[in-house]
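Following are the structures in question.
The following pair of complexes shares a single chain, chain A, combined with chain B in the former and chain C in the latter.
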Partner chain A sequence: MTPEVFRVEQRREEFPGTFTLRIRGERAKNGSPAEFQPGQFNMLYAFGAGEIAISLSGSPRDRDGYVHTIRTHGFVSQALERLQAGDLLGVRGPFGCGWPLSAAKGKEVLIIAGGLGLAPLRPLIYNLLGDTQSVRNIRLFYGARRPDEMLYRDELAQWAGSMEIVQSVDHGDADWAGHIGVITGPLAGAELDPQNTVAFLCGPEVMMRFCIQTLTAKAVPESAIYLSMERNMKCATGHCGHCQWGPNFVCKDGPVFNFAGVQSWFNIRAL
Partner chain B sequence: MKNLAQLLREHPFFHGMDEEHLEFIARCGQNCIFNRGEYIARENAPADQFYVIRDGKVAVESYVPNHGSLCLQTLHSGDIFGWSWLFPPYLWTFDGRALDEVHAVRLDGKCLRDKCDEDPKLGYALMKRFARIVTDRLHTTRVQLMDVYNQQRPPLDSGQ
Partner chain C sequence: MCEFVLQAEHLEKLIQVIRGEGYQMLGPVLRDGAIVYDQITTTQDLPRGWSDSQEKGFYRVEPGNTGAYFGYAVGPTSWKKFLQLPQRQVWRAQKTDDGLDFVQIVEEAPALAFLGIRSCELHAIGIQDRVFVDDQFCNEDYAHRRDRVLMIAVNCTSPAATCFCTSMNTGPEVTANTDLALTEVINDEEHYFLIASESYRGGQILQQLPLTPAAERHLKAAESAVQSAVYKMEQGPRSLDRAGVKDLLYRNYESPAWDLVAERCLSCANCTMACPTCFCSDVQDTTDLSGEHAERWERWDSCFTGDFSYITGGSVRPDTRSRYRQWMTHKLATWHDQFGSSGCVGCGRCITWCPVGIDITEEVQRIQAMETAL
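Right after this comes the complex of A and B.
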């Protein structure tokens, strides 16, 4: 699968070192880019630097282009960071299995995000908010390092009108009105109906591990917990084996997994 | 309006306690209100109480010279604030400050300490519950220290 050429339509700095690109396909003038499911990812190709897997973080209903939130970390993301509106990049995708929306039907939905983990969850939030009838309620638990390192702050304020949002930071500032401490604190204190709850998690693995412990201690079944994993990706099509995780290829079988199915792999160190 | 014994009985922290002990603890308690900004505890001051927060938000803080107060954690409705009353030297280890109007039940730790010496069963029941709070706080502090969000790699970025 060869990359398609996309053009950066808009670049927005979320906070230093983290930025969001809105991109539009060059050929898509006659048609929309391929549809995606919340939780899927694209391979973004910075010409001359290489390719990396980045989750889709825009609305699946937006058929004009894709949105990706990227943190500068390695060589490729540094090259992507230098892109400005009008610059070109290559895109392959969308790839992978996303969040199972059907699992949320009629349930109390807990969306648990840590740091940049809100990015792959945002398309899910858009979909759920677009069809609130299908679920009992939606709650977002969002943990981050500092208030100014939270993603999509304007939208968080907007969403607060339609769902309960609990935000927690490790280090607050004078204006911070949310929790200070780890997100497992408010999660542990939340009242929920465990047999009618479904949880979608994305964030650092350590954070997800502690959140899963909190959820299972509250009797949420392991089969009602879904998480998005990250591993090195190369081909993104299940051929090269770079992303192998136990018997799974994260690019093809994931990145979203049901916890009941991957529990034994999740607890193995350095797998 | 619920009496204190009833309030404590319904609080998860006191679940499973003997009725007679609960009644005694309730007799050591009183409702109190703190205004926004008011200190509930000051670091190094004698710690002779603990609080069941009924409503409002409490900042657990430490004063850093030339910097000001540093908030380490916030406590909310349903949380227990204060365990220093149970362990020598019975001094508060941090400041506790009301971030909004806080309604709480203040429990007299000094009176409970004396009673715990006389009645080891009550002492053990309380010690078990407070040990849980201390370990929970230690756990969350360790996770905060791990600075997990800083180490986080971008979702799916191979980092190459």
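Right after this comes the complex of A and C.
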């Protein structure tokens, strides 16, 4: 499967080492790139450097291009970081199973994000905010290392008009008025109707582990919890074997899983 | 299915008829002290009269008791290398004045004939078909190669001590799709093949061969040769509880047996390379010095390397314990959930080619024993 050629339309630095690219398909000048579901990902190819899996973080209703938020960590993400508006990259996708919007119908929705984990949840937030009638309410619990390492700060301020947002940082600064510590603190204190709640989680595994403990302690059923997993991915089509997690291929069976279905795997270390 | 007798001296005719049909013939050859699969053009290339002796971490070819063409079990190579190539170029990319071009590399799949496929190996090919062709996504390169293969299976009559196909229900008698199925019968008076076609293509080949109808005694002799292989394995040192192993492994992710095997396992990946079903691959992206041209290559990979599970923050499976556990539980347990069958065909290659002699059947029994003891 060869990548499609995309061009960087806009590059935005979220904070040092983390950036967002808005990209547009070269060949599909009049058409639109393939539609995606919130929670899906693309394989982004930096010329000569390689390819990595990056979640889609734009609005599914925006049919002109894709948006990806990327943290610089390895060789490929460093090459992607060097891309400026007008530069080219390769895209394969979208791949994987996303967040099940239907599960949110009529529910109290908890969106729980850790660090960069907000990126794959943003398309879900866009969809939910576009149809707030379908859910009872939406709450976002967002934890990051520091106040200036929060993603999409302008939008967070806008969203605050439509949903409750609880923010937490590991390390505060002089202006920080929010919670300091892990996100499970505010989550544990939240009032919720467990039988009518659905939770969508994305963040480091350890953070998701403790959030799930907190939720289940509050009697939220395992089947009402969805989480997005990360594993090494090369092919994204279930052939290369890298993303195996127990019987699951994270690339095609995930990255979003219902916790009830993967509970036994989630608790095994180094699986 | 109608069975015929092909005298051993006409095996040459079989090879030449198939080659005459435009197939490149691949079969067993004796090379570097092992029976491996490679190109053959005549019966002279076959390892006639050679057998093999196999045990944990041990493989020797040795003269057999007869002049049989197929008197060995299985060697270090499998047919996998002709279907899922050990490395292949996937695409190349080129910078142009105002853009970037990706060109998929489509290699014309050669018409290959595999001579001497064992039943366990037919099952292994079927398992890879389910991964690469019948799953949600299709690996077109594999599918094209696979489509053009003519399969000439030979019932196994000389299993090694490492074989346990009877446990896995994959042999020794051919029980999976093939074009032709042969049984070699050799004794003091006679040397012939019982041959039957199992496909239209196979039938076309049969029509061109000097055959005689098989008499009852031919059928009996062939059956007895296969039955002696069954008996040899049943009396042999190895077996595996096929029905219970999935649940056993699912119950024992934290068995202390994993620590014991990790003390011996070198994480060298030999078992995954020798295995006829292991399908994992990696891709490598490169550029030339000008920076204008890039290539993507796919090559076999192994779950025993640290890079295999690397994500931000380190390898998900940082130690040998977790890697061996992944390999074995995938092969014998999670494979069932993924592709509806076991990933193991009982060919014993992983046992023979493990440099420290780790035996998958023993490891399963150890987990069983430790579970019972706890």
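Operating definition for what follows: the second predicted complex is superposed on the first by the 271 of 271 C-alpha atoms of A that agree within 3 Å, B and C clash if a C-alpha of one lies under 4 Å from a C-alpha of the other, contacts with A are read in each partner's own complex, and residues count from 1 in each chain.
Following the convention adopted for this analysis, contacts are C-beta pairs under 8 Å (C-beta built on N, C-alpha and C of every residue); 3 or more make two chains touch, one makes a residue touch a chain.
Just so it is clear, the structure is predicted and the values come from calculations on it, not from any experiment.
More residues of chain A in touch with chain C or with chain B?
B
Is A:E26 contacted by the first partner chain B, the second partner chain C, both or neither?
second
Just to be sure I read the superposition right, which of the two partners does A:P3 touch: chain B = first, chain C = second, or both, or neither?
Second partner only.
Is A:L88 touching anything from chain B or chain C once the two structures are fitted on A? First, second, both or neither.
The second partner, chain C, only.
Output check: A:G50 vs chain B and chain C. Expected answer is one of first, second, both, neither. What do you get?
Touch partners of A:G50: chain B and chain C.
So, A:Q244: does it touch chain B (first), chain C (second), both, or neither?
Once the two structures are laid over each other on A, A:Q244 reaches chain C alone.
Classify the contacts of A:H73 with the two partner chains as first (chain B alone), second (chain C alone), both, or neither.
Touch partners of A:H73: chain B and chain C.
Go through the superposed model and pick first if A:C235 touches only chain B, second if only chain C, both, or neither.
So A:C235 only meets chain C here.
Do chain B and chain C touch any of the same residues on chain A, and if so, which?
Comparing the two interfaces on chain A, one with chain B and one with chain C, the shared residues are 50, 71, 73-74, 230-232, 234, 242.
Any idea which chain C residues touch chain A in the complex?
90-91, 93, 95, 99-104, 131-132, 135-137, 139, 253-254, 279-283, 285-287, 291, 294, 301, 303, 308-312, 316-319, 321-322, 326, 330, 333-334, 337-338
Which stretch or stretches of chain B touch chain A in the complex?
59, 71-74, 76, 78-79, 140, 143-144, 146-160
Spell out the part of chain A that touches chain B in their complex, as residue ranges.
41, 50, 52-55, 70-77, 114-117, 119-120, 143-145, 149, 170, 172, 179-182, 184-186, 189, 202-204, 206-207, 210, 228, 230-234, 242, 255
Please give the residue numbers of chain A that touch chain C in the complex, ascending.
Residue list for chain A touching chain C: 2-5, 26, 45, 47-51, 71, 73-74, 88, 90, 230-232, 234-235, 237-242, 244, 246-247, 249, 252, 268-271.
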